[in-house]
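Labels run A, B and C following the written order; every chain starts at residue 1.
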Amino acid sequence: MPPPPIRKISLDAPPTVVHVPPIPLNGNGNGNGHGAPAGGLHTPGPPSSDAPVIERMRCNAVTIAYGPKVAVNKVDLPISQGEVLAMIGPSGCGKTTLLRSLNRLTELTPSASRGGVISLDGQDIDLLEVTALRKRVSMVFQQPNPFPMSVFDNVAYSLREGGSKRPRKKELMEPVERALTRAGLWHEVRDNLDHPALRLSGGQQQRLCIARSLAAQPEVLLMDEPCSALDPISTGKIEELILELREQIAVVIVTHNLQQAQRVADRVAFMYLGELVEYASGEQIFNAPQAQRTRDYVGGAFG
Amino acid sequence: MNDAPPRARGRTPRRPPERAELWLGALAATLLVLILGMLFFVFKEAWPSFSHNGLAWFGSGGSTQQQLAAIYESPSNPDDYVYHLRAWPLIYGTLLSTGLAVLFGLPFALLCALFMVEFAPPGVQRLMTPVVRFLAAVPSVVYGLIGILVIAPWIDRNLVSAEFKLDVNALVPISGGGLLLASFILMVMIVPIMIAIISDALRAVPRAWIEGSAALGVNRWRTMWKVAVRTARPAIAAAVVLATARALGEAIMLAMVSGSFIWSPNPLDGLNFFLEPIMPLAATIVGQQEGFSAIPLGQTLYAIAAVLLVSSALLSFAGWAVRQPLRRYATR
Amino acid sequence: MSALATPPPQPGSAAPPPRRTRARDSATTWPLRDRIGLAFCWAAGITLTVVALTILLYMCFKGITQLRPSMLVTHPSGAVDQSRSGGFLDPIQGTLLLTAIGIAIAVPIGVSVALWLVEYGRPAALARAVESAVDVIAGAPSVVLALFGLSFFSETFFSFMSFRSEDTAFGRSFMVAGTVMSLIALPLIVGATREALLQVPNHVREASLALGKTKASTIRAVLLPAVRPGIATGTALGMGRIIGDTAIVVLLLGNTLTTQPRDGGIFGLSLLQGTGSTLTSYIYGNSPVGEGNAPQKAYAAAFVLLLIVVALNALATRIARGRRKDTAWIR
């Protein structure tokens, strides 16, 4: 049998946005995108919620640089409770950097510098005390990172280490249970609260990290690709969780997975090489993007 | 045609050892035999002293100084060798000096390590590493020299009251050297080892945990203490074991600063407890080495050496055992 | 045009934005307990630095005031009057000679054992036993090793190595002390060589074997040059340990002020069978614990000793750090 022909990929081809007739999907909202080009990517968006949309945080002309290299360039972005904001874009576009600057985690890197104003409920976060800020703006990381302690100790961690008086275990039981219930983990661990957290499965660990962040009752939850290391079932559970949480907490999720962004996001911000290219509702970004570059990215022309 | 790969029977055949392997292996085995022989030799020589004293060897009773002198002056007839010894003051001196040095040295080393790794400004951080390395490099005889020539006279002038000296002069000579000086200098000697091990472990704590703790709004001190130090507990145990082994084996410095008199300090003396002289085990060997030619004294010294060897081995085992339950919550 | 084409134009301001926030959270907002802890941390760090500086400066001060260059080249003589008791040339000679003997024995044996442990290591039980034996030596106090050397070299077959007087071997001589010194340097050399060997990636060994060389010649031609910095580090550390050790010298070198070769016999051999002193035993002897009671000479000798040891340690650190450049080709 002769070897298959070699096809040349034409680098000069104009960026195309192909309109594909909508494919009827059955059943679950989990899209099965087979890399189909956009403009007809009909993964259904998130269910609409009745909760009022309140703006909690706002970025004004935020510029972040690591040494001489500019990672984020003059970004204006609102973050609101009642809706989920997804930040999408190719690797290296600055979305993770921007996310980390929302709770001043970029300060852990010595070479980072930041310009512009980020405000939380109208207050400049630079003027707030940083540990107080981080209790109000919590973060969940890409790799689940539960501490080498028991499940209970993990969730109670920020409550115990917050102030000078150390609460007793009985007082902590209720907030811990509440946080674990909100994270959807309570029924799975209620009998194993003293087991080491590192023995949980990957999905459970990530939900534990979410519970840990929720324990201090934050106002904003930042999620940096929370499901990228997880299997589809855990991913589904966490996405349900996000949709439940958005009514009380402003959720910002950075994701590489366009289908995931479609499933959970009410608002989408597309970033490219440090610039905020387009910010609009999910439907608009995925079905009728205004900017050419957005169209190219969502259409899969680059990634 | 049967395309299946042949089933592997048992282990894959090994190549025969080449000449280099045989030579190197023989050398390593010879070293092993020599070391085992040395251990056997030490215990064999130590045996008469233990067999004559039984477990009372470790007990107290009488003046150890006089007992050692009597052993040295044993008649030359092997049947009449004197072995009577109650070595408790020596053991007590070792336990006291090592115990105090580690007890105060560990928190000090832990705080220094935390300082070096996290809380010192960057310029000071760079300065601390050569400081620790310098302290580790100073030979023990130099520590002993400074101790006996500088600190001991200071203690003698300022901390020892003249009446106390006179009161006990018949029993024990009080000078600057003693438990306080020995423990203090021993602490300075073992702290660099502990700092090196603990700071390495603190730096090796996964960044994800530090960031996670910071992201939860926990301040730097709590983060380091609750996450980093907690994760570094096996290393802290290892540091304590290594430091204790070093302290046990220290002979020359202790011989110079411990007061050169075999004595069990009495805790009921209050603060003067720290000013009384001691004689740790290793320092005894150095102190008595001139009389080694007298066979029973030599065997007694071997008995002391055997106790030191067994203690080192027990320490290594204790270090391993302490780390086991700490593995429960850790990833490794 | 490819979709990836040109990146957006660089931001107008060439300079990075000014840092607007303090890089680390200030301790003024911490609870009291944490602030006290931080204060203790600072206190510990400052105390440690002060102690080190005090030792360094005091030794330098005493050394510079007491040390005269003539001391380095004059033989010591036993005289009560300090101005006539000479210098410490012989102790320096003793230190050099002991270190040379110790290293000459320890390096070949240590490197060979490390090579066998890493490259061969069969049977596994023997390898574990050898590792444990080296650990035993590493943990044993040097007095114990010295004590063992006393008997071993005076009563057994090896008594020819020691100093004799009218046919009684004392178990003390340069050779005896040097041999036992090699024991305390051995674990350091084995450890450093092992680590260096373990860092050589496997593909280097496999490449050499694939070219048809035997394992032995791979070791000789490829591995040994690659781990030379590691061996050098271990050697420097071992030398530091030997130079600084006093117990073995006090027990095993006979403590004569000047180097006394054994009477008769071949020159080199009788020197090795002779007794003498080193800087460390000289300091020990001149301190109030020994007989000399000459603190000024002790300080001068201690200063010289400290310089040598600190320089050696700095050298060892530099070799360990510079290693990455030398073996960069391995990656």
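By our rule, contacts are C-beta pairs under 8 Å (C-beta built on N, C-alpha and C of every residue); 3 or more make two chains touch, one makes a residue touch a chain.
Just so it is clear, the model here is predicted, and its values are computed rather than measured.
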For chain A and chain B, chains touching each: C
Far-end chain from chain C, centres as C-alpha averages: A
B-C compared against A-C, more contacting pairs: B-C
Mean-CA-position distance for chain C and chain A (Å): 54
Inter-chain centre distance, chain B versus chain C - centres from mean C-alpha coordinates, in Å: 19
Contacts with two or more other chains, residues of chain A listed in rising order: 131
For chain B, residues that touch 2 or more chains besides their own: 219, 222
In chain C, residues with contacts to at least two other chains: 24-25, 29
Of all residues in chain B, those that touch chain A in their complex: 206, 208-209, 211-219, 222, 226-227, 230-231, 328-331
Residue ranges of chain A touching chain B (in the complex, touch as defined): 103, 105, 108, 131-135, 138-139, 141, 143, 145, 147-150, 157-158, 161-162, 196, 198, 209, 212-213, 216
Touch list for chain C against partner chain A, complex: 1-4, 7-8, 10-11, 16-25, 29, 31-33
Interface residues, chain C side, partner chain B - complex: 24-25, 27, 29-30, 34, 37-38, 40-45, 47-49, 51-53, 55-56, 58-59, 109, 112-113, 115-117, 120, 122, 126-127, 129-130, 133-137, 139-144, 147-148, 150-152, 214-216, 219, 240, 243-247, 250-251, 280, 283-284, 287-289, 295, 298-299, 302, 305-306, 309-310, 312-313, 317
In the complex, chain A residues that touch chain C: 11-12, 14-15, 63-65, 67-68, 70, 73-74, 104, 107, 110, 113-116, 126, 129-131, 163-164, 272-275, 293, 296, 301-302
